[in-house]
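Both complexes shown next keep chain A, but they swap its partner, so chain B is in the first and chain C is in the second.
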Partner chain A sequence: MGRIPAGYLFRRLGIFVLTIWLAATVIWIIPRLAPGDPISAMVGRMAASAGFIENADAIIEGWQERFGLNEPLFNQYLRYLWGCLRFDFGYSLASFPTQVSTLIGFALPWTIGLLLLAVTITFIFGNFVGAIMVWSHTPRIIKALIPFGLVFTSIPTILAALLLLYVFAFLLNAFPMRGAYALGVEPGLSWDFIWTVIYHGTLPALAIILVSFGYWALGMRGMMITVEGEDYIQLAKAKGLKPFHILYRYMVRNAILPQITAFALALGTLVSGQILVEYIFGYPGMGKLIYDAIITQDFAVIQGTSYIVILLTAIAVLIVDLAYPFIDPRISLKGGR
Partner chain B sequence: MLDNSPQRTAALEVKGLKIYYETPAGDVRAVDDVSFTLYEGETLGFVGESGCGKSTASMGILQLITPPGRIVAGEVRLDGQNLLELSEEELRRQRWEKLSLIPQGAMNSLNPTMRISAQFRDVIQTHEGKQPKAKLKQRILDLFQTVGLPARIYSMYPHELSGGMKQRVCIAMGIALNPKVIIADEATSALDVVVQRVVAQTMLKVKKALGVSMIMIGHDMGLMAQMVDRIAVMYAGHIAEIATVEQMFRRPGHPYSQVLIDSVPSLTERQALRVVEGITHDPRNPPKGCIFQLRCPHAMDVCRREPPERREIEPGQEVACHLWQRQPDGRYADVRQSA
Partner chain C sequence: MSDAQMTSEALETADAGKPERTMGRFNKWDTPWLNGKLLTGAGIILAILVMGLIGRLVWDTELAFTGSSPLNLPPVGFENNRGQVGEWAHPLGTENSGRDMLAVLLLGTPNTFLIGAIAAAAGMGIGIVLGFSSGFIGGWVDGVIRLAADVTITIPALMVLVVISAVLRQIDLVTMALLIAAFAWQSPTRLIRSQVLSMKESGYVRMAKLSGASTIDIMFKEMLPNLIPYLFASFIAGATGAILAAVGLETLGLGPQRVPTLGGTIYDAISAAALLRNMWWWWGLPTVLLALMFVGLLLVNLGLDEIANPRLRKASK
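The block that comes next holds the complex of A and B.
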């Protein structure tokens, strides 16, 4: 444990690059499998709505040249890959002439802010609940109450979101209905702005936490029960260690390892996974962007967001892979694969 | 041979210990009315077949019985205190300082995510409070030396150690706080014969050096004979016989002890494997009378009627068997010979 061998690091980074390249290629190929070309289709649609467009052919040709669609496919592909490297995904079709990267630049911080926080809280809270469900020193009343909290696990996120909106935003008027911050507040690093962001983010975060902490809790509970039966727990008790020390140093420490792997995978689906929550709460994040892009058939945005989602997933998995030997001393990266 | 005069002080006294496991079909009486005394400085061996309750009895002494098991009755006196009456916190403070365990499965008895040194540090500092780092490290290294472990394992993790090393780590941990009593629960069973011998010798050496009292649990009568002062033979939750090693091998009093001794293979003669006839009774529903009657080759009418009391057939040798009857001169004799 302790150090990451250079050989492993290079191999692992190679796999990372390969993953991104393959994913980017697939994203590029799929739209091109569809018949026709987007510019003729767009001009065709415009012609259909306007009745007649002068020099339609010239427009199509001009645009094709502009987007490089008259070049050989391979050149287009190389140009696309070069664009991916610079996060340049061209123009949004639905909100032309805004660049796709600009749209993502606005949406991504909101999603990372809200979801990273919500998913992390869910992870910590869920594992905490799972751990105290098993611990023999947990007060009975708490053990009796936990199953009621798990009821939310069986409710779809969308219904939980609507329920929260109805109760807290509509009935009690305690939280805003939609948006990420109050309109009158100037975005920036001011207390007013931070406060309004927290105020607006509470309900969407709550919807995610309530619905998904149960999965962590139940997974953790299972692992805790397995660990509790291990010989080293019995020896720890015989050693007369303090119950809380046994809980966190002997039980949780060992039970949480598989949960961390699962957390990395959850982080990967984080950006795309909560589209409905963002949509219901009108939260201007990646989920909303993806949703709008699908509705308006904005292929450039779909392509760009998909690429970003894949990139973030790969980064999360890479970090956990490299961090694992520090978390579990039994894992060694030397010579392994 | 150790003399067994009553002047010897008791380190641990167990009286009428009963431990039952709850099952849907009724309680399994894993330990049923077990009483014995462990004297200071001696090693008492518990032998018996798998499931006879020897490990459960040791867990009962350590107060580590978990549901569905429960301690139904009994007293475990250590230093004049009944461990069964202590509060959880009082018990926790007594643990390891007075009564430590060398566990059955040393392979899995160390926390895989903690360095060996940390697993010593936490038990020492929990019981003795914070200590200077250098002093603590020296103390742990001294413990390693006592059991013949190299200093380099200090900051290793358990998975980097061999089975024999882990077992010795457990022995070193068991003596870390200089306890009054150590319970070694099949400490050598999981090891191969060569390592078994080395570990057993280590244990004896440590025991002699510290003068600690020890309960050693095992099922190998031959190994026991070399390591302990007295042997308690257990059968189905009862102590069938308790005697010094010498007495036990010279003249085993209980038919079951005889069977166990006969099962030790001899190096000089080749014998067919001795098989005990009959089957063990259903532990949820023990037969009336003697617990061994279904398998005993000498079972008599009285054995089916009343359970045999434990009787001292000669100083230091106690047998729970109807074969031994008090004679007019006050001594006990085997009815098979007198008839």
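The block that comes next holds the complex of A and C.
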């Protein structure tokens, strides 16, 4: 069993804290680089695009009070960081009395659910495909077909989403065009609701799976080639073990480990892809929240959503990194390195 | 595909050293750079680029502006929802605000490439400088650079870029490319650092040191040439990532607004409900072009991988 040395643990935790602090700071500084008072500017921009805003004064006042905009800049910054720690991002500008955190609370479960499901399927399927690309007992026809499947993997998620939407939802009418569940169904733990969620989630999940399984397949293929040349594989073959037994117990189990590190590094791209898929499918997650906020110039929501997505990505990567020595006992982490 | 297989087959037999092919090494065409995947991919990309560059000479790109053409015409040979048929004056059809699709694509495609190239070049430039400093100088310089890379590499670039673009509103191609490059230097830095570290211990670098070569000479004359396949692959990967980020921003409506881009065209199409109106040429043509572009980039990347890693060549049969 691998153990995490204290030095590594502290360095890794330190990097995590720095990442979050840096991201939060950048998000805070950017709007302040623009000339003028950011809140009035935001409200002004919204008024310009929407024509009229009902409670503009109340918004400005509420914000100034909450963020102490009459205080020195540094105090504002500290207030903001404190808010970030408590997930308090103030009020949404587009739907005023609602808190940004409330909006995120509604959107987040959809995003996490879809992402977990799609990523799990992708990881298993992609690594499986990568493994049988190298395995000498794979039927030739399958080996010849795989490269065509991999063509999809190079295109951006958003393009795959558009094509799937057009073919399966618009032309064939087999799946719904937008949303996460049918309007008539009461959300809750009923079979009707679960079914409609699966029905609506299929295309978005498929878009993510289709474009990202090849990434794992190609990585797995590289690892499998390395493992295949090892002496213990020769020995296993010489012992006359069943080919499938060798594939699963001897090859895949060794080859898959570095894929887990690759997973941590790919997470940022995966999340970005998912944000865009949600926007295309009108899926009520973080992606749609961000898109709506961009349209309505609701900067508070953009800020809060970006922060939460960055935070969750960093937490996921942290978990993978810290769990890795336990999964792969060959890895020994030296403190401070 | 058969080309790729033949090349790798030839290479494999050469590697395995079968008697009838041992002479292959003396054949100057038997070089790993003549990789089928690399050539196919480069061919696709070149074809798209050349089309974009020559196209603007033969086609009137003024038609890419709003109101220059009739609205919502389908491509030649198709019919739109109102029963209008395509005209040769606008072979790829027109969109909602009277832009000629052919002109938009001719202008937009090189723009998309340009963003990728600028961002990847800037990211690589930073990566080369930081990677070499980190691997060669070591000490606290290495510590700081590694920390900076570790801290920023997990941030999903799109999220920060969304915030920046939402504030800026008006953004031009180069600014967008440089913003993207701010998230594209970490991988090249890490890659070059690890390569430099392993090369530092190699015989020829020690030899150069013993014979009194200066640090700069060792870096650029001894080490850099050996890094070229890696740098090439890293550049292509960087360009792919940059175009991906740019397309993401553009389709969210945060791209450059004054010049046509492929992602921006898709954004316009989505906001005008082109999907529901069955105006497939509006969003479909840029989508297919982008997909082709990415397939080309992937093939180039796979080819470069095989050049840098002979083991992959053997297995690609």
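FYI, the second predicted complex is superposed on the first by the 281 of 337 C-alpha atoms of A that agree within 3 Å, B and C clash if a C-alpha of one lies under 4 Å from a C-alpha of the other, contacts with A are read in each partner's own complex, and residues count from 1 in each chain.
The definition used in the following text is that contacts are C-beta pairs under 8 Å (C-beta built on N, C-alpha and C of every residue); 3 or more make two chains touch, one makes a residue touch a chain.
These numbers were taken from a predicted model, which means no experiment stands behind them.
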Q) Is A:I59 touching the first partner chain B, the second partner chain C, both, or neither of them? A) neither
Q. Between chain B (first) and chain C (second), which does A:R253 come into contact with in this model arrangement: first, second, both, or neither?
A. first
**Q.** Contact breadth on chain A, by residue count: chain C or chain B
**A.** C
Q) So, A:K237: does it touch chain B (first), chain C (second), both, or neither? A) first
(Q) Just to be sure I follow: which residues of chain A are touched by chain B in one complex and then by chain C in the other one? (A) none
Q.
Quick check on the complex: what are the chain A residues that touch chain C?
A. 15, 18-19, 22-23, 26-27, 30-31, 33-34, 134, 147, 150-151, 153-156, 158-159, 162-163, 165-166, 170, 177, 218, 221-222, 225-226, 228-229, 264-265, 267-269, 271-272, 275-276, 279-280, 290-291, 294-295, 297, 299, 302-303, 305-306, 309-310, 313-314, 317
Q: Within their complex, state which residues of chain A touch chain B.
A: 1, 230-232, 234-243, 245, 249-250, 253-254, 257, 328-330
Q: Spell out the residues on chain C that touch chain A in their complex, using ranges where they run on.
A: 1, 147, 150-160, 162-164, 166-168, 240-241, 244-245, 247-248, 251-254, 266, 270, 275-276, 278, 280, 283-284, 287, 290-291, 294-295, 297-298, 302, 309, 311-312, 314-315
Q.
Touching residues of chain B toward chain A in the complex: what are they?
A. 62, 64, 91-97, 100-101, 103-105, 107-115, 122-123, 126-127, 157, 159, 170, 173
